[in-house]
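Common to both upcoming complexes is chain A, partnered first by chain B, then by chain C.
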Partner chain A sequence: MTNYSMKNGAISSSVPWIISAVILIILPFIFTGGGSITIMNQIGITIVLAMSYNMLLGQGGMLSFGHAVYMGIGGFVAVHVMNIVENEYLWLPLPLLPLVGGLVGLGFATIIGSFSTRKAGTVFAMISLGIGELIAACCIIITVFFGGEEGISGDRTMAPPTFGIEFITQKEVYFLIAFWVLLSTFCMYLFTQTPVGKMANAVRDNPERAEFVGYSMRWVRYVSFCAAGFFAGIAGALFAINYEILTEQNLNLNMSFQVLLATYIGGVGFFLGPVFGAILFTLLQTVIGLQTDLWALYTGIVFILMVMFLPTGLTGLFAMHLIPLQLGRFGLLIKPYSKIFLPGLVFLLGTIALIELINHVRHHGEEQFMTLFWIEFDTRAFLPWILFSLMTIVGFYLSRIFAREVAEAWGEATYIEGERR
Partner chain B sequence: MDLFVINIIDGLIYGLLLFMLSSGLTLIFSMMGVLNLSHAAFYMLGAYLAYQISVITGFWVGLIVAPILVTILGAGVERYGLRRVHQYGHVPELIFTFGLFFVIEELVQYIWGRSMVNYSSPESLDFIAFSLAGGTIPAYKVFMLLISVGIFVALYYVLARTRIGMIIQAALSYPKTVEALGHNVPLVFMGVFGVGTGLAGLAGVIAGPSLTTFPGMAFLLGSIVFVCVVVGGLGSLSGAFIASLLIGWLQTFAASYNVGAADILIAMGYEFPKDVYYHPWRDLWTLTLPQIGPILPYILLILVLVFKPNGLFGKRET
Partner chain C sequence: MAVDALKLDNVTKNFSGTEIIRGLNLSVAKDERHAVIGPNGAGKSTAYNLITGRYQVSSGKVFLNGEDITNLQPYEVKRKGLSRSFQITNIFPKMSVFENVRCSLLWAMGYKYSFWHMVGSQSKLNNDAEEIIEELNLKDRRNTLAGVLSYAEQRALEIGITIAGGSEVILLDEPTAGMSVSETEYIVGLIRKVTEGKTLLVVEHDMGVVFDLADRISVLVYGEIIATGTPTEVKENQAVQEAYLGAAMEEH
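Presenting the complex of A and B:
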């Protein structure tokens, strides 16, 4: 009986992995453009990085401000190894390079973690910040390893061919990255199932009780930290393979902030949260980044609002809606949601248009006309200013009114008999 | 010797400037238990607001008005942002202030552009105060010194001698008891956060003309200020004061003495390599003290956190 159910469980739990593998294989045949494959490669790297970051923040409760360092160090070493392989001092096929990056990340995390994981909370955050700044500053000084301001670059195609593949096209690189994304995700999932992975959650939630159970919280944190460093190193090597160049920009505080942002937007409390976060963040960065130079401002504001109003992230938003679905009262929400949709959209478009308009007048004032949402108009006329302001104000006012209805409907839809509200 | 005296004065000015930021940060941390990572962003905001006001009315109005504006903004951030995030715990609070830093940085670039702005010291202070055997000290630096010392004295007076200071000090150690005595602790929190960020704003106003006002100024000073606070001991005002001065002098002296690693290595009996730019140890041979000056505070930070996690003067567990 147990044997049967275990076998059955193994089959049913392997289904999501097989589906993901199939999707990863099909994707490049759906989005065939060179641009979209480049974006997908970037998404893959960000996924590994964000998931490794979530091992710290989401599962271990450790807030790091310097996670990009482990990715960066892994990446720098990977580029150096790439150059050594090119000069034929070493034989290493390219698909194994991420392992090198991972081991470097692991090694570096073992050193740093030996003292930084002694405490969680503010002290850990400050040490990570200090290390991040230190390494970023060292990038400029130690030119032999970091290459100074211009960084170091390599050539991935010079590695010995793997089954005849030389990784010249983006598509070949995509499959390499996809393989490592799936493998790393699987390993990270296995990690959460180990006793240490489970204890990491316990240490996050209540370190004192975890100590009483007989686990050293410092040891648990240390193991999680090293594992996170390992996967960050893998992400770094994937980065090195994809871009063939690493600079100081890839491991500074700004980059660490982007990792935090991607992870948090996705949702830190869920295993798959960072995956959604990485996809959304990269799309925002690449697609909106092409449209406007204010994308960092928008993502920053979205991030702040999210920390304030939706601390569980996007995955948390989905998970929240499972309750009314299970209670069979999702229908109650449809009407208020559809009511708030239009005013909300008007408010959003109006605000963005105003922000862009002001930006255009302030910083590109010499050009009289600007294009926004595929419409060209005169920035010196009154009409756009009045229209956008009206959209913002009216949209905001109506959204406020309908938001109350949403809140009421939400309370009704999630109300459980006998539970205190 | 002359260089030494000039450096002592320069380091003192820089250290006191750091203290203006780290004092507010320490007060906020000891009250609310949250390290305000956006603190330096308010410093930058102070400089930019003062610049904008000085364009219209001149320097002196900006000196008064800009810190007040920053205080109001800071109090608003506490009231409408941080207080809401507080319920989720300390880690989200840190994340919130970290995000706020980047948003303010982006906002400043959005409003004032990505290059530096021309914010300069007033003409009435454009003379040399005194000269010291070759080196000179401009009057503006003396003015900076006076303002910082004035702030330090005022802060000390308020905290140690007034009723409000007593409440703040009591709330530092026993917030629950203070609340039970009938004081409005949330209001005290808001006030302390506002005043703390306002002090950072004032620091920005007086530092803007001498350290140049540009979008990277917050980043440049921000992490150094955290180093001061952590090295001095989180929650210890006197620790923050001593650490600020220490780091001020450390950075000033490192920047002005051009001691190279090559000198030391040659003194130790090694031979200077002929083709230094292709030598595997070229970075070591070309390393100079001004080069490693910027990373000295971080090394200090890590050493202190490893060997004395409470900081030099901190008593509080973090």
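Presenting the complex of A and C:
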């Protein structure tokens, strides 16, 4: 009856982890291309970083603008350690390097957190911003450690081989990253189930009341903050292993904002939110980034739309649909959804085409022809302009009409008699 | 003579020069049910905030079981065995009823800032939480988010959070404010049940509840206690009738 009866709990809760492990092992055999493995490695690193960020924002209610610092510092030290290992002053197999990064992130968070977690909200956010800026500035000044603008580079293959593996190929690195992604995620999940993890939620919800049940809100925040620093450091070392170089760009404010974006898009209210956020964000960055130089614009638009219309993020969107599914009324939604799909798609394509067209004319005006969605056309002709504008306008108009039907169907599908909502 | 469970010794509080509490003396004996009444703005909630460390005392001393707890932090006061509820519902809205109660038990059961225990497998902790929920009559709301409970249910949970962990001294701040007659009955019954064998200090506007619940009553007017006594004594007190009960009559 109680959902914490240990035996059943242990069995049912280990299933998702085993499935995840299997998926992680299979993935590189499905997406075999070098490019896709590179992207998956990047996704893995972003997952660890975004999940550690969500320990602050989602679990602890701390809005940080400088989380990349802890990843960056962990990463820089990891590269230095890599070089020390290469010169044979230290014996350390590469798979253990993330632990070094984690401990460095933890150490740095211990120092910064000792004063930054005194207050949450604006004060915490501003301190994190200041620290972020400070460390980014240090990168240029303290060249011995940060290597100035070129950064610091190393060679992962020089570490002592692990069971004969020297981590020369991307695929070998993939398995190293996948292992750490799974381990970190598991540890972060366990953290949410500890007394201090539960109290982090309580402090997020109502810091004052948390004090009146016996907990210092500051200490609860501090513990979460240090733990988040630890996992960010792991992400940093994974970055160091994957790219063998770290520069100022890996810990500046821009990077911190990317973490925030990825986490928010995924959904801060859910433990697995950052995983989906990291996947979507990295795909936008890499796959879309290869197609257009406007990827940041699209990411920004997605972010704004999320904040405005879907504050629970991508995961919230999934979770929302569980209600009609449980009530057995999901069928009510299929018709209105399929109705809005086409006009929505037309609107989306029209808008993207218009944006790309304008961008092309403004920045590559000397080339008369451009290719979009595998179709080449003349940018100086009227037809594309009229067509894309029409698509945008008509798509938008029809979407608005059908949106009403979706809203109605949604209300019907989720209505529970007598339930306060 | 036994040591008072709670004792305020000439406590004062200034807010930027204005004296809100002027020399408050109050003694609550162990296991007593003590009510504080007084008109709006008399300083009842301020007195609570001074006792529990939410505000700093300007002068005077607060003693819990003879131990000086003046100006301790709220969490330190709680750890010493004094727990309070709030006039405005103060719960953890995005957590389930069960999580609300379980979090309130954690410190008292010695978990502190542990990140090496899994709360799910601590059977005593979970059983205690279930028991409290049962006492609150919120069993069918166990997994509901606290933020979407009805007002009366939230007030019940508020009391549950306050008594969880077995604090010996309980301070309740207007537990029945804004409730219907039947809801008031439910809450008063609940208070009786869960504060059995404990020291209770309650601020309350509903005179029916006060005279029903309290062993002794203190009347607070303009930051001073003008009378303390049994319900009958207080009712018959001339000063009280002039300063408070009379005014309360005029309001109606």
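Just so we're on the same page, the second predicted complex is superposed on the first by the 413 of 421 C-alpha atoms of A that agree within 3 Å, B and C clash if a C-alpha of one lies under 4 Å from a C-alpha of the other, contacts with A are read in each partner's own complex, and residues count from 1 in each chain.
Quick note on the criterion: contacts are C-beta pairs under 8 Å (C-beta built on N, C-alpha and C of every residue); 3 or more make two chains touch, one makes a residue touch a chain.
From a predicted model like this one, the values you see are computed outputs, not experimental measurements.
Of the two partner chains placed by superposition, only chain B is touched by A:303; chain C is not. In the superposition on chain A, A:360 makes contact with neither chain B nor chain C. When the shared chain is aligned, chain C comes close enough to touch A:220, but chain B does not.
Looking at the shared chain after the overlay, A:191 reaches chain C, while chain B stays out of its contact range.
Which of chain B and chain C touches more residues of chain A: that partner is B. By the document's definition of touching, of the two partners only chain B reaches A:144; chain C does not.
Of the two partner chains placed by superposition, only chain C is touched by A:206; chain B is not. For the contact definition in use here, the chain B contact set and the chain C contact set of chain A share no residue.
Residues 57, 61, 63, 65, 115-116, 118-119, 121-123, 125-127, 129-131, 133-134, 137-138, 141-144, 253-254, 257, 260-261, 264, 294, 296-297, 300-301, 303-304, 307-309, 311, 355, 359, 362-363 of chain A are the ones that touch chain B when the two sit in their complex. Residues of chain A that touch chain C in their complex: 2, 4, 6, 9, 190-191, 193-199, 201-202, 204-206, 208-216, 219-220, 223, 227, 420-421.
In the complex of the two chains, the chain B residues touching chain A come out as 35, 81, 84-85, 88, 90-92, 94-96, 98-100, 102-103, 106-107, 110-111, 113, 219, 223, 226-227, 230, 234, 280, 282-283, 287, 291-292, 294-295, 298-299, 301-302, 305-306, 309, 318. The touching residues of chain C, when paired with chain A in their complex, are 52, 54, 73-75, 78-79, 83-84, 86, 90-95, 99, 102-104, 106-108, 111-121, 126, 130, 148, 150, 161, 164-165.
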